[in-house]
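Across the two complexes that follow, chain A remains constant while its partner is chain B and subsequently chain C.
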Partner chain A sequence: MDSDGLIEIAARLLKNKEVDVIIGYKNGNLPYTTRPAFIKAPEETDELIFNRFSRINLAGYIKEFRGKKVGIFAKGCDARSINMLVVEKQIDRKSVYIIGLPCPMMLDNSRLKEVFPYPKEIDISDGRIVLRDENRTVELEFNEYVDKTCARCNHRNPVIYDILLGEPVVEKEKDYDKLLGGFLNMDPEKRWELFERELVKCIRCYGCRQICPTCYCDECFVDCNKPKWLDKGVEKSDILFWHIGRIYHQAGRCVDCGSCSFVCPVGIDFSPYLLYMEYVVKNNFNYEPGIKIDEPPPLQTFKKDDPQEFIL
Partner chain B sequence: MLYIDEKGFMEFLNIFAKKGELWGIVDNRYTRVHSPELIKISDGPQRFSPKEILHPQDETLMKFEKNEVKLPLEPQNKVIFAIRPCDAFGLEILAQTFLQDPVDPYFAKRREETIFISLACKNPLPTCFCTSFDGFDPYKRYGADILLYKEEKGYLVLDVSEKGKEMVNGWQKVEHIYSERVSETKRSLLDKLNKQKVKTENLKDRLLSRFNDIGFWENHTMRCINCGICTYLCPTCYCFDIDDERIKSRVRRTRIWDSCQFAYFTLEASGHNPRQHKLSRTRQRFMHKLSYFPTTYKNYHCVGCGRCIIYCPVNIDIREIITSA
Partner chain C sequence: MNIISFLCNWCSYAGADLAGTSRIQYPPTTRVIRVPCSGRVNPFFIMKALQAGSDGVLVSGCHPGDCHYLTGNYFARRKFTVFKELLEFMGLEKNRINFSWVSASEGKKFAEVVKEVTKRVENLGEPKRFVKRKFYDEVENG
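Showing the complex of A and B:
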């Protein structure tokens, strides 16, 4: 992907002192990785890149630069998270300069790693991924290795930006019936079974919470010990309680960036539950998180005519 | 040299599997297995380290009910197949902490009742840097009881502890020819590993002099999200918390993994937190492993397995900190 435009705009913003820092990506030192970068000097902007492994949602880093003016790379999901943080008054829109990037869709690094753990070269062009080292070459279909969060994304173009680099991409609607098919038709016992089986793998590293831009509480309920809401070990009830708590707190707030599933060291897929929350909120309140900058999530407002059919 | 063929070895493991004592890697994690065929071992270290066998994430220390205190020191008999030599070295490093005076009885009991079978490496992963640490030999037994080498159709015993001797008693004595092959594999492994070495000369002092260099830490760790993945997957990180869990009149006192990356790790009752900021927490991890620990115990608190590098979601690399300190 062409990074020249990015570097140019980042260097200009820093040179003109329009921003104090640029939050973006630079190359990682392992295949299929990038690393979040924090660039403060115009001459260091050469390192900036944006490619199909720029997976991590960067919005959460903004709050670490309180009092500073921040320039940030924003794909569709990052932009929605920024919006969400503005709506919830965590950051000041005026202190953020958003460099919007229509998302080319990220690749699923864990599946690629299974196919070819340590390639020396990765070429992505014309809908194909070519992986190579001294001994072999593997060719894959791009579409088959798109991260599943990105494959279902309906807001690949940033909904908010100060400058947009690149051409907007064609978006598609989210087909919840198809995406949640099995889950929607499952009876509660079966759902619980699935939830339990998947979530019990958790080792409580809190990677999901730490990477999530919307998990910004100064004191998370899981850490709180006065009162102590839950125990600290890996008893099933504590693990499940922790995740139910986190997932419910995301209702109408999660932008489905998939970062939590991406970082999870035991490979938990949070999407059925978070997506279900998204579906319920959308259906009942016609609300999509992070789309409008002046509309708080339904659970933070009250209207006399709020729907309540879904309340058991 | 002792040798056992594949079939014989499976029968050997099966004895323990039948007693429910066999543990191995399934889905990247050490799990009890009822059949040795379920164990899948790939090159290099597996995702989870064998640390959790001796120092489980959630370990009941005692139970209280009414006026009674119960110590649940139940028998822990386990046979682990397999760990890697770096992990076996990690077990020795864990023991430096847990078995110093006063000895931790829980760790000691588990250590006593577990047989670790180590499997010599043939191919390193690109993230392996074990030989960077002085004197590390990927063909040494360290904290394991039996060190095996995988032959085409069986296993060779490279070394065995007193405890392990009895177990390999009936295995077949074989000719010298094998040892040539072993040396050859070892040579080619070392060739590869030595290319992946990082400079550890004067590391503890170099790092100490960086303590206040905020720019250095910002550069390497600003992107850290302060999750606990690196510390939980690390074969030597041992920090824990102790908690009392109460259900009605029953209380369970438990020891749980904790991580220096968490803000609550150092939060004091007064409300003061000496490691309030992210950078001081990430710095602590590297300082402890590579500077404070070797000041007390001579060796570093890292075995170069590379797990923290592979599984860090934001690609923080301990090798970069070691080289540029």
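Showing the complex of A and C:
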């Protein structure tokens, strides 16, 4: 969490020509936001920051710099995504220099915005958030404003890195029963209603696809017109087709970074479905995405005694 | 009633053929699409069938270990495990999509499978979730 250390390392890497570009975060132009920064010169590194609003997954940007050596900030989720990309042979591990950062847990900016829209000063220490401007001061409990995805995260430390900044944090187990129990106990009709109500909000901007590190196909099935899988437009069935397709493609690959839900302009929460994919893959094939670098993705391999109770 | 069946060329399709040549009676509810292997069946085929308003889908291939391409059905099995679980989690009816292994010598089993699937799909009633009504109406009204 030491921005100075980060800048120092970034500047050194660029100066020594160890990397061509550093992918990191810089301040956004709204409070509670950061945005991706692509730094190519040592003197520009002052812009780099890493704080509790460095929310989005940067791993997806590596593919924009093919053939170049990339240095990248990696929290737990970014590191798992990078790992996944290496496993799927999309990037070369040697061409990426990973600056590992144990994740301090990100804050939910949309909820903070509701409490205090434009603070002048944000102070986070000792489990409390203090927001200030000229007229008032608001003090909040840190744990209550942690992002939903980060609150359930079980791999906050980067699993793969070239240099680790800061001390590893204590991790906890993911409780799938608690996270999915509500859904699994519902009857199918109710679940479908819920699914439809949530997903029908979609305006098909494809932001979820663009931000996702594992969505790297040159031609997405939704853009493909031979065969044309689904129509353009906001017909309900087509929207659902797109999301079922996308979520199915994430099976055994999604590292649960929550970036898709984060960037969604209409606030769709994809997490139950992606989490369930993770759960299914873990249960049936004993595989966890992004943890091991030498294990093939679950749908690219098989075992002779895979479960098949559902087959007639 | 309209059940779309994706049958693999080497086992299930031959099995269906055997059921026919052996004059085994089974319900006339299914339309068969021949595919090279059950591993060829993209889950999107299934979604496309459901979207166009079919009452059910059956995917059938060789028994594990008997695949003409050696491993196609093993991959298919993993794909369908994930896909079926996902659709059920989202709330699609449990028996709308069905999978089976039918070998070329199992004409009788093929008839049984079609009977079973027809019964299952009949119990579910008309498909409502995920059907693209607009498309359907347009076709019907010219």
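Please note the rule applied: the second predicted complex is superposed on the first by the 307 of 312 C-alpha atoms of A that agree within 3 Å, B and C clash if a C-alpha of one lies under 4 Å from a C-alpha of the other, contacts with A are read in each partner's own complex, and residues count from 1 in each chain.
Simple rule for what comes next: a contact is a pair of C-beta atoms (placed from the backbone, for glycine too) under 8 Å apart; a residue touches a chain by one contact, two chains touch by 3 or more.
Here the structure is a predicted model, which is why all the values come from computation and not from measurement.
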- request: Based on the superposed arrangement, let me know which partner A:Y32 touches: chain B (first), chain C (second), both, or neither?
  value: neither
Comparing chain B and chain C in the superposed model, the one touching more of chain A is C
Practice problem: Quick one: classify A:E235 as touching chain B (first), chain C (second), both or neither. | Solution: both
Name the contact category of A:C205: first (chain B only), second (chain C only), both, or neither.
first
**Asked** Touching A:Y287 in the superposition: chain B (first), chain C (second), both, neither?
**Response** neither
Exercise for review: With the two complexes superposed on chain A, say which partner A:L194 touches: chain B (first), chain C (second), both, or neither.
Suggested key: second
For A:Y176, using the defined touch cut-off, is the partner it touches chain B, chain C, both, or neither? Pick first, second, both or neither. neither
Figure out whether A:E64 sits in contact with chain B (first) or chain C (second), or with both, or with neither. first
Dual-contact residues of chain A, meaning touching chain B and chain C, are 235
Listed in rising order, the residues of chain C that touch chain A in the complex are 43-44, 47-48, 51, 64-65, 71, 74-75, 77-94, 98-101, 113, 116-117, 129-135
Listed in rising order, chain B residues that touch chain A in their complex are 29, 47, 57-58, 125-127, 218, 222-223, 225-229, 232-233, 241, 243, 245, 254, 256, 259, 262-264, 278, 309-311, 313-317, 320
As the complex stands, chain A meets chain C at residues 183-184, 188-196, 221, 229-230, 235, 237-238, 240-241, 244-245, 247-248, 251-252, 273, 276-277, 280-281, 284-285, 298-299, 302-304, 306-308, 310-312
Given the complex, residues on chain A that touch chain B span 28-30, 33-38, 56, 60-61, 64, 117-118, 203-207, 209-211, 223, 231-235, 262-263, 265-266
